[in-house]
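Shared between the two complexes below is chain A, which has chain B as its partner in the first and chain C in the second.
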Partner chain A sequence: MTLLDVDDVSIVYEPRGAEPVTAVRGATFSLEQGEFVGLVGESGSGKSTLGFALTGLAKAPARISSGRIAFDGTDIAHLDGEDLRRQRRGGFAMVLQSGMNALNPVRTIANHFADIFAAHEHVPRGRRRERAVELVEKVELPASVLDRYPGELSGGMRQRVAIALAMSLDPRLLVFDEPTTALDVLVQRAVMDTIIELQREENFTAILVSHDLGVVLESTARVLVMHDGVIVEDGPSARILTDPQDDYTRMLLSHYADPRAEVVELPGLRVAGSQISTTGEPPAEPATDAAPSGRAGTRTGRTRAAVVLDGVSKVYPPPRRGEDPVTAVDDVSFTIEPGDALALVGASGSGKSTIAKLITGVERPTAGTVRLGDTDVGSLRRAGLRRLRRDVQMVFQDPYSALNPLHSVEYTLMRPVVNFGGLRGREARRRMLELLEIVGLTPVEQFAAKLPHQLSGGQRQRVVIARALACDPQVIIADEPVSMLDVSLRAGVLALIEDLREQWGVSLLFITHDLLSARVVTDKILVLNRGRVVERGETAQVLRFPEDDYTVELLDAVPQPGRAAD
Partner chain B sequence: MTEKQATTRGETAGPTEPAPSGRDEVPDGGADVARVAAAASPLTVLGRAAGTIWSVPKARVGLILLAVFVLTAIFAPLLAPYAPTDNSFGRAEGGSAAHPLGTTTAGEDVLSQLIYGSRVSVLVGLVAGFGATLIAVLLGMSWGYTRGFAADVINFFVNLFLVIPGLPLMIVLAAYLQGGGLSMIIFVVVITGWAWGARVLRSQTQSLRSRDFITAAQFSGESSFRVVFREILPNMTSLITGSFFGAATAAILAESGLSFLGLGNTAMVSWGSMLFWAQNSNAILTGQWVLLFAPGLCIALLATSLTLINFGVDGLSNPRLREGKGR
Partner chain C sequence: MRYLLRKIGLLLLTLWAAVTLNFFLPRMMPGSPTDAAIAKLAQNGPVSPATRAAIEAQLGVPTGNIWDQYVAYLGNVLTLDFGISYTFFPQSVSELVLTALPWTLVMVGVVTIVAFVLGTLLGVLAAWKRGTFLDSLPTLTGTFTSAFPYFWTALLLLFFLGYVLQWFPTSGAYSPRATPNLSPEFIADAAYHAVLPAVTILITSLGGWILGMRNTMINTLGDDYVTFAEANGLKPRAVALKYAARNAILPNLTGFGLALGGVVGGSLLVERVFAYPGVGYLLYNAVTNQDFPLMQALFLMITVSVLVANFIVDVLYGYLDPRTRR
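== the complex of A and B ==
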């Protein structure tokens, strides 16, 4: 039985005072009852827009400009508010990416269920509690969560509650829009497993909207690939994995690899054993080799210094009265020799970002010492910290918030050049253009004039890297530098980081939860769990032959399209 | 996109925030190119801001109203049939062809007084509004950016001014500075009017302070002063503009109130002092309701015009609010 029939649907955005943009073009497909389908695409591909439209949630300025969405025979594209509301019961529901933030913080979980039951009156008053317990148990939560407030639950638990809420109207079609993206790596896996299990048991039709082809191939039986608003591929997961028809799908697939493999290959990057080589130019990211060669060593000829952490602990005061103090980092020691690359991996809350803050002097250690060469970072005061920033720079996780939206690339890059380099006027400008060339943003003059919103995520991250390089630092701390980027852009940025380290001899502290990228750009690795080092060694060695259970768990969380076929 | 973190990237990628396409290339869209070309010169930025405000119907009404009042104030000598203090006419006359709104009990032409009175209100509104906003920006932003002792000191003063009831303080100050004229009124209004703005700007500064691009600016070796005024301030344009119009409204109302209470210079012709004299001469009892009604309406309209403009200001730095209906 065909449950959903989407026929030549186009969706346009019509913002006031701007050109309309077509987000989805001629989408045509149909879903059978009980199918689990993945909808994959990178940011801007229109996948979420389509997902919203399927559940009647498309809102201004988005408009379904043509086509027909038939749900069980009725066209929902043109239903009005009240009809749509009634359709939601036994019809379609949606679980949002930030669904866990959709819970009202001042009401208990039970209240959320009660609201829905009351609005649709499909559960008799006396049975409501019972039904709510049933629902939360379906998503593997204890019945006791019903009496708790959203703030008392973890992100994963809240997302499970959001799924249970979506289930409470017995939908026949459930759309999951990036249901696990905002969660921690390890939790992601567990929630995804619950969703798969649930779909199998309840046999509803489900659409999993995701940017991650790996996750989708692992969990769904059929995959739709979207690119620039067009569905470019539609087929069974197994076939897409082994025999992708479209170039775009093939390109996406090429960006997945197993960090445990002996040889790891990404477009533009190849790592075998512990030797790293950069092969040629990555297809999607041109001109990474633009850096002037033969310039190893710092420009100003300063002596290189190692970063040494010795028995460092950081304890934060208790978050609420009566609770225990929080130990974020517990007796961690390591050294980054000049020019080395060290990966710091762990799930969220493992203390990796706190270590970054300790090295940059943003926080002071509770015990132990953090040193850069002869400088004791923990004891620096304001002027000392300013000097430290010449040597220690950061690349931020989110390129969308790391650049001031109102400043041009030129302004952003000129500031550190002027402040630290002591250059003025034309010389400073020349240096700024040189930086743009190093990170491969050519033609430089054109990029210098641009504002952040005119750049893609990968280009923004290159600007962030250029800014970090501007004062010719000795150490760069990269805090999840690729986790916010589309999969296809990651390899290019990683290749750039790898390249810079080799050419300029900068030490690198690479903080990540993504073991694949750690494998590609670092030589040594440190696995952190709750502030403690659980495993350390050569990156290739540790990832290929992990000893600690936690490391194994992290490795299992890496999405691999190939695993679905096993 | 000032306040929503980019963590919501996965959602509907609206065209206002061009999302990167699959490949690493400049996002297309002619609108963006135009927008950037516009960003180049401060004058065009101003023009674009005015355009944004103009595109909101409510704000458009407000702008037209305000323009009428400002033009009236500027061209008062040309528009008014008589001098405002000319008391050579018959006393307490009703409306006639010579005096459309009648005359006061002192024998002055009401229409001329009304036209000249707009000068005081508009001037006080703009100057005091600007002054209060300036103090609010300086204190609010440094308060929001710094931590520790300095912030505590500012906190103390702002709370002090928030706790003291505005009108009584104004009355006390005005009574103490009796006879200072217009500048005294402006001073009093500024002193009592900046605290709320400072509070609002402080909380926004605090939320911007934790953004990555602020940390990045610190890592670029920027001084605190530069971080506050070059990185944070431009991101708060709409808030600052909004608080300016709010402060100007409050200033106009405060000036009228003070003059009405006879605490300003009662010899100066303003809408407030017109009300003061009308009240003094029991205008309502003698049937001269226009004496109270006309200046009252003008005060209300001027304040309303500023409030209406504020509806349009929301869209200045928040593109989502520009998209309009059906949200």
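== the complex of A and C ==
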């Protein structure tokens, strides 16, 4: 039986005082009862806009300009107010992207259920509590969460609650909009498993909207691929994996690889396991020679220094009175030789970012020492920290918030050039343009004049990298530099980071939960779990033949398009 | 419960600090009331030591060491004994304050609460009906009226409604012939006299509440939990009140606490213009007449009322926002 029939639907955004933009163009497809379908596309593809329209949530400035969305025979594209609201029970429901924020912070979970039951009166008064317990148990939560406030639950638990709330409407169609994106890797996996299982048991029709083709291929039987507002591909997952019809789908697929493979290939990047030296000789050695002689001028008088952590621990005071202190980093030691690249991997809360803070001098270690060359980072004061900032630079996770939206690219890059490089006037400007050239933002004059909002995520991240390079640092700490970027942009940024290291001899500390990117840009890896190092070694070696259970768990959490087959 | 106990402890501590400061600050200032009085007299010729002794005896110069003075002062504060007023001799300060306080509390207090409730409701409505007439009318009027200075509005109302049209009395809190009591006639008379000052305060403060509530609520309307509530088919009224407005009101409560604390001391100008016998008018008299005991008592009272109002809002906040309870 056809549950949903989408016929030639177009959606336009009509912001006041700006040109209208067509976000979805002529979308046509239909869903059978009980189907589980993936809707994949990168940011700006219109997938979320379509998802919102399918659940009657398209709101101004978005408008369904043409077409029909027939849900069980009724056209909901032009349904309004009370008629639409009534459709929401036993009709269509939605789980939002940031389930963490989808709950009202001042109402208990039980009250959220009560509100829905009161709105539709589909559960008799006396049975409401019982039904709420049933629903939270379905998403594998204890009944005790009902008496809690959202702020007392973890991100994963909140997303599960959101799913249970959507389920309480007895929906026939459930749209999941990026349901796991904001969650930690291991939690993502667990929540996704719950969704798949629920769909199987309850047999509702489900649409999984996601930017991650890997996740979608793994969980759904059929996939729609969207690009620039158009559905470019619609077919069974298995066929899309083996025989994609559209170039765009092929391009997306090319960005997936198994970090466990002997040879890992991404567009523009190729790392083979055999490249890793087996003689025990550190691959960092050639870095010194790799620095082109023409650039040596910028480095004169400065010796390369290794980053050395020796028995470092960081203990934070208890978050609330009466609780135990939090050990974020527990007796960690490692060395990054000049020009070397080390990956620091682990789920959130594993202490990765705390280590970055210790190396940048933002935090001081509770025990042990952090050294850069001869400098003891932990004991630096004002002036010393300022010198350290020149040597150690950060590339942040979120390029959207790492740039001041009011300043042009030129201004952003000139600050470190002037403050740390000591250059003035024309010379400083030349250096700024040179930096843009290095990170591949050409024509440079044009990019220099732009404001952050005029750049794409990938371009912004390049600006952030250029800024980090501006003061000619010895060490760059990249904290999840590609996790916020579209898959197709990731390889480019990774290739840039890899290039810079080879060309400039900068050492790299690459912090990530994404083992694939760790595999392609680093030589050595450190796996952290709850602040402790559980495994370390050559990146290829560790990822191909992991020994610790935690490493295996992280590897299993990497979406594998091919895994859907089993 | 532990939250409440902690807040009460904090309140007592700050109260003690305020009372103590009120004791030490005047003692740290150079000069004394006696010197001030003698300096005034000295303009008319030399002052004999006997006169000085007489003034000191009259004002009651403190004896004993500072610790004993402090203990005596604490005792006096607890028994509400603030001495005798210079200006309204021989009335005691506490007597004066207790006569003025009800007028201010009832008139300014009621208006402040009404302004907050009304402004917040209008703000909710404006945000919910964003872009319509119900939004633009209160928002624009609010922006306009909240820019009026208190005293200017007061003078304007006084002139047109009181003097030109003679609809309302121009000064005082009740008719000269009436004596304060709780009879319906007297209350009606007092209410009639309170209209102009009350309207003045309402006009100038309402706009702030409307704008504040509207703007925070427009933010919460964009929050995910509001979209999710709509996706779950909650009734529009529930979405607006229980989800959007309920969260938007939190920051406004802090402002409300400050406004409540300011009730006691903050209506000086309005009370002055309308010669309304409240605390503000009393403070005005105390300052212009250098009535030190009266000033000290009033300042202490203003401080204490700000602290107590903040305590109430804190407790309310803890009840309304579970995130602050920890």
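Simple rule for what comes next: the second predicted complex is superposed on the first by the 539 of 566 C-alpha atoms of A that agree within 3 Å, B and C clash if a C-alpha of one lies under 4 Å from a C-alpha of the other, contacts with A are read in each partner's own complex, and residues count from 1 in each chain.
As a working rule, a residue touches a chain if its C-beta (ideal position, glycine included) is under 8 Å from a C-beta of that chain, and two chains touch if they have at least 3 such contacts.
These numbers come from a predicted model, not from an experiment.
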item: Joint occupancy of chain A by chain B and chain C, clash or fit; value: clash
item: Partner chain in contact with A:Met94 - chain B first, chain C second, else both or neither; value: second
item: Chain B versus chain C as contact partner of A:Tyr149, first or second or both or neither; value: second
item: Contacts of A:Asp115 with chain B and chain C, given as first, second, both or neither; value: second
item: Touching partner for A:Pro15 - first (chain B), second (chain C), both, neither; value: first
item: Contacts of A:Thr49 with chain B and chain C, given as first, second, both or neither; value: first
item: Partner chain in contact with A:Ala27 - chain B first, chain C second, else both or neither; value: neither
item: Chain B versus chain C as contact partner of A:Leu169, first or second or both or neither; value: second
item: Contacts of A:Val439 with chain B and chain C, given as first, second, both or neither; value: neither
item: More chain A residues in contact - chain B or chain C; value: B
item: Colliding stretch - chain B into chain C, listed as 91-99, 217-225 or 289-297; value: 289-297
item: Where chain A meets both chain C and chain B, residue numbers; value: 97-98
item: Chain A partner contacts - residues on chain C that touch it in the complex; value: 223-225, 227-235, 238, 242-243, 246-247, 250, 320-323, 326
item: Residues of chain A touching chain B in the complex; value: 13, 15-19, 21, 23, 41-46, 48-49, 52, 59-62, 97-98, 177-178, 181-182, 211, 227-228, 248, 284-285, 360, 386, 389-390, 393-394, 396-398, 400-407, 412, 415-416, 419-420, 450-451, 453-459, 464, 467-468, 470-471, 484, 486, 488-489, 492
item: Residues of chain B that touch chain A when the two form their complex; value: 1-2, 5-27, 29-33, 36, 39, 55, 211-213, 215-222, 231, 234-235, 322-327
item: Touching residues (chain side chain A, partner chain C) in the complex; value: 55, 57, 85-89, 93-94, 96-98, 101-107, 115-116, 118-120, 149, 151-152, 162, 165-166, 168-169, 320
